[in-house]
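By written order: A, B, C and D. Residues from 1 in each chain.
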Amino acid sequence: MKPAAQRLRFGVVGLGRLGKRHAENLAYRVPGALLAAACSPLADELAWARDALPEPRLYDDYADLLADPHVDAVWLVTPSSLHAQQIVDALRAGKHVFCEKPLSLDVAECERVLAEAARYPHLRAMIGFMRRFDPSYKDAFDKIAAGRIGRPFLVRSQTTDQNDTDGFFVRFAATSGGIFLDCTVHDIDVARWLLGKPRATRVFAAGAVALHEGLREFGDVDNGVAICEFEGGKLAMFYASRTQAHGNDTHSEVIGTAGALAIGHNPRANRVEIYDATGIRNECTPNFFDRFEDAFLHEARAFVAAVQGGAVRGGVVQDEAVQGEAAQAGATLADALEATRIGVALRESLRSGQAVTL
Amino acid sequence: MKPAAQRLRFGVVGLGRLGKRHAENLAYRVPGALLAAACSPLADELAWARDALPEPRLYDDYADLLADPHVDAVWLVTPSSLHAQQIVDALRAGKHVFCEKPLSLDVAECERVLAEAARYPHLRAMIGFMRRFDPSYKDAFDKIAAGRIGRPFLVRSQTTDQNDTDGFFVRFAATSGGIFLDCTVHDIDVARWLLGKPRATRVFAAGAVALHEGLREFGDVDNGVAICEFEGGKLAMFYASRTQAHGNDTHSEVIGTAGALAIGHNPRANRVEIYDATGIRNECTPNFFDRFEDAFLHEARAFVAAVQGGAVRGGVVQDEAVQGEAAQAGATLADALEATRIGVALRESLRSGQAVTL
Amino acid sequence: MKPAAQRLRFGVVGLGRLGKRHAENLAYRVPGALLAAACSPLADELAWARDALPEPRLYDDYADLLADPHVDAVWLVTPSSLHAQQIVDALRAGKHVFCEKPLSLDVAECERVLAEAARYPHLRAMIGFMRRFDPSYKDAFDKIAAGRIGRPFLVRSQTTDQNDTDGFFVRFAATSGGIFLDCTVHDIDVARWLLGKPRATRVFAAGAVALHEGLREFGDVDNGVAICEFEGGKLAMFYASRTQAHGNDTHSEVIGTAGALAIGHNPRANRVEIYDATGIRNECTPNFFDRFEDAFLHEARAFVAAVQGGAVRGGVVQDEAVQGEAAQAGATLADALEATRIGVALRESLRSGQAVTL
Amino acid sequence: MKPAAQRLRFGVVGLGRLGKRHAENLAYRVPGALLAAACSPLADELAWARDALPEPRLYDDYADLLADPHVDAVWLVTPSSLHAQQIVDALRAGKHVFCEKPLSLDVAECERVLAEAARYPHLRAMIGFMRRFDPSYKDAFDKIAAGRIGRPFLVRSQTTDQNDTDGFFVRFAATSGGIFLDCTVHDIDVARWLLGKPRATRVFAAGAVALHEGLREFGDVDNGVAICEFEGGKLAMFYASRTQAHGNDTHSEVIGTAGALAIGHNPRANRVEIYDATGIRNECTPNFFDRFEDAFLHEARAFVAAVQGGAVRGGVVQDEAVQGEAAQAGATLADALEATRIGVALRESLRSGQAVTL
């Protein structure tokens, strides 16, 4: 455990459901982190922070938080449309920045952030593709790296949510970017990461409205399928759904020349099996939030390690191998740009019915 | 396919549900067999035989069937209490004999049958412990024989039925011999077979009446557990139940010094998994009849191979290795005697609350 | 069991590995069938038939078999390029006809067969998409029909083979039609069957050569992925592979508005699980032949029932409901035409890199 | 998060592998806890504490730690033989006490601790049967409480370790109490907990030495099986092993009149499945330490909640329901006494070959 004086001082921005979880992780579960500040425009979120967090300085304005000299890094859990500018502002203020995905729904905007970030090479920016930090995804990545399945050439990956009868995402459709940019973007990042970051060359997508007719006016669907071709003869297939009956079912497979790995095929809620007159069953993870609880924590630890590996604030790198690996594991701005570029192409293909060449 | 003149001519005795299945197997699915005759005291069973089987000679009296010179072997699917005497009568009439388990519920009676059978070494007698012929049990047996789990020293095996709300087995309790002789006898045979036929030295049993209070008057239980010690430090644990909610759940595990094998852990009805709001589930095999459909067929084929390996009626042995193996795989009268001996000891232990030394 | 005089008399044509299995099924395991004749140009196959089958008349010329008045139906297990003409010849000879898939690799040729068959409405023609008769696929079909998953709108289905280091299918590539017409054609039929036979409107395909470089000269791949859009907003995703390490892994999922079904997700070879230092595992079905052993048998029974439901040769229909269902379950010539039409479009998409509209 | 002044101040005693984990949990992951002190006779363990923990006061003598007025509770992770006296000393010093299992290997000594503890009703003492806090075990407990399986009447539970070729536990055999008191004691507690804490009436045990001959001189075995009868017709079956090939395999089943629950049947290491030429497999949890990582954390949180539910140090009870439940969930001294009583009887049965009545 580092003394407080050597810890990375975070300001969390956005204290919705996911923001709260990130804040608690940084406050209590990441040895090298210190939660110094929190920012939200909502009074009740700030009230929560006052009660639940260890005496952070509180801000209702992001600019004020950026001006706080006792904050080394910001952790953005804000609406997607704000991400790009907030990242740029943080870098300009000299802060490291973690930001929830997506970087932006707009490719040009992503590129502007990258250009700006290039001016601050000593600052770290990471986008929150948390699956990379899930222990099972990480184990698969390591097995691939160790050659256990030969040369990987195909990823099949899905992000599917339990049907929300409340229809939240229908109301959200106007700004979500559509199912591929909102959901599949995770699978895109997983595919690139597990296949060695090949460049995408062509995509095709199709979709169906199974239950939520309200999506049609936005050109969106509640179930989408897609194929992505990469250079070097690599492939990915994606499935996204908002209408599953059994729960959040996020899984991925990687197929190689000498074997394959499946990650999360049955989204078991826990280790319990129920035997009754309907058969033998397991319950399923209800949402991504529960599924990736551990991943969010490992992500925060990796971010701290990555920053401290860069010798920020005089921190001594205790284990270079670990920190190098951690630094490598997180999605860079360039990764996030690629995920958006592919996601945008998928949306275009969905709308045009044609394959889209990148 | 052998010409009819070289096939083993069977007379099936008893045409209840299981008898019908055996008869159909012998009639249509066992290349070396010819179903020559059938016997039942019940008119409707004989009527079924007339319609469903390929022109067998029909008898309502077992003695008449034994007198039929065109029958080489009898296949007994009769009430347990008749087995011993019917086997003896068949052997005296010069017929090979297959008989459903158990040989007898009485150890002394088992011994009398063995003594009588010793006088007819050219005739084959096999008792129907069909699990030995189930492809999965057979695969486990072969893997053990190949040394895949080192030295096997512990078997855990269970025979559990879906609860029968009709309470058939309560009415049957007076003559079933109790749960250990009726159900666990299969697990006993499995344990001996998979552990290399060690001699049992001590047993302990306990039980519970979960649902069927009517069993108490017979000293029986609807759930029983037991431990059996064998010479050479080998062990078995048994569980029998009449009250499962999810189906017939027959499974066994064999634990060795270098690994273990589980056979049938989840009694899947088929390859379908159902995803719905209750989770992910599979349906289960409803009863032993469906679970062991293939085993009954392989059992019949093995019996024919075993007899023909003995050069009966001038049959040419085409594949000695296969036939030797088949002959070995079936339960002998001695195996059936041991199963009854252990089952009786378990019942005694259940009643006395004490370990019983064999 | 029907007397021989009421059974459907078959002539099997082609006695390769699969032909032998079909022949044995018809000879011994289909109560309403009588294997009357067999045809092969190869002497050793005819020799096998002489030994293994119950005295069939043997032909080395298909025309001679068609001229045999004691044959009611032909069962074609011949090279794909012969199927179309052989079906037409059989119908012209007044025989019912079962033919292994595909009907033809050429859409126009498929259409010619349909046109010809329309002239013989009293004769039955069925194409061998055997998955429809696999008990698990059948169970899924029935559950869907019973409304268990709401309205089905997406099928994901795959046909993947264990890698054949011998490279048989590379030599076969010139005539196989490519991976989509050879393998995916099964998944296409499954998707149409489970989704209620919607009309396909657009497809996209992509592929990779993972191991077998020799395929490139034929424009073929050893791994292919595809999306198929159907009218009514229904979708299918397909995966085909020749290079799996673990075995033949044929599985399908059907996703509906109220749940989903997976068929064969883990291609377990049997009910055994192996516990050793590498973890807990099951072995896998090595090939489609073993995986669909039961399906081939049910298929033959269904064909007989379908023909006899049509009152051929004075046969009395004993159970109209069963026979109606069986008749419905088999793939018609029209189904086979659609499968070929979609498969050809997939191949075109693979080659062009563009979506293909049907 | 409570201010430091309201947190429960712990002194951890014993800093071996498990002690370190407990210490880190209390230091960083239990909001209501404050790690105030640590005690070990070993210099390197104290050095670790100095580096890894947030500035605890360090002691090499337990009496000194007990004299520290800034410690509210002790957390004992010391050798089993010290537990009883250390608990008594802690209570006499006015400290709450958590102690790793077992309370003692001697029933009379357990009873002396209970008698002493009765004099300090305002102090809490909990024994570390951590399975009660594992999320899957907890889920099963809750489902049983909700009536989901009817009346539970049979528990089958096992504690099996991966074979330790180093033979640590052989050297440990002289003081471990034998396999039933060392391993099965967890299953005994699970069975009592899930069955509603019935009184045990009779036990029988048997065992085998599969690999570790050195155990014989201690009257111990490396594989043990047992049956335990409880009042009210409830039953338990236990299996303990030191020699598994595949990993630590801790699982339990509870069978009720309307269904059953299995907890941890396949001890999956994570959500990854590996497909290769040997089949499809998952890796297994290597040891209890990894398997119960979460349980140890929940256990610590529950202990704090239990103490604070008792209004210690003016703590405000924020959620009485939760705290009441937590208090109930932990094993009391009486539970630990019963576990030892049954474990001792099992050892006696193993040695005598006779059933032992309690």
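Here, a residue touches a chain if its C-beta (ideal position, glycine included) is under 8 Å from a C-beta of that chain, and two chains touch if they have at least 3 such contacts.
What you are looking at is a predicted structure, and each value in this text was computed from that prediction instead of being measured.
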| item | value |
| --- | --- |
| Result of counting contacting C-beta pairs for A-C and A-B, higher pair | A-C |
| Greatest separation from chain C - chain, by CA centre | D |
| Candidate from C-D, B-C or B-D with the same interface as A-D, over half of contact pairs in common | B-C |
| Geometric centre distance via CA averages, chain B-chain A, whole Å | 57 |
| Whole-Å separation of chain centres (CA-atom averages), chain A against chain C | 43 |
| Multi-partner residues of chain C (at least 2 other chains) | 149, 244-246, 258-260, 265, 269, 274-277 |
| Residues of chain C that touch chain D when the two form their complex | 244-247, 249, 266-267, 269, 274-284 |
| Residues on chain B engaged by chain D in the complex (per definition of touch) | 149, 151, 153-154, 156, 202, 204, 206-211, 223, 225-227, 229, 233-235, 237, 239, 241, 243-246, 255, 257-260, 265, 353-355 |
| Interface residues, chain A side, partner chain D - complex | 1, 27-29, 31, 51-54, 135-136, 139-140, 143, 148-149, 258-265, 268-277 |
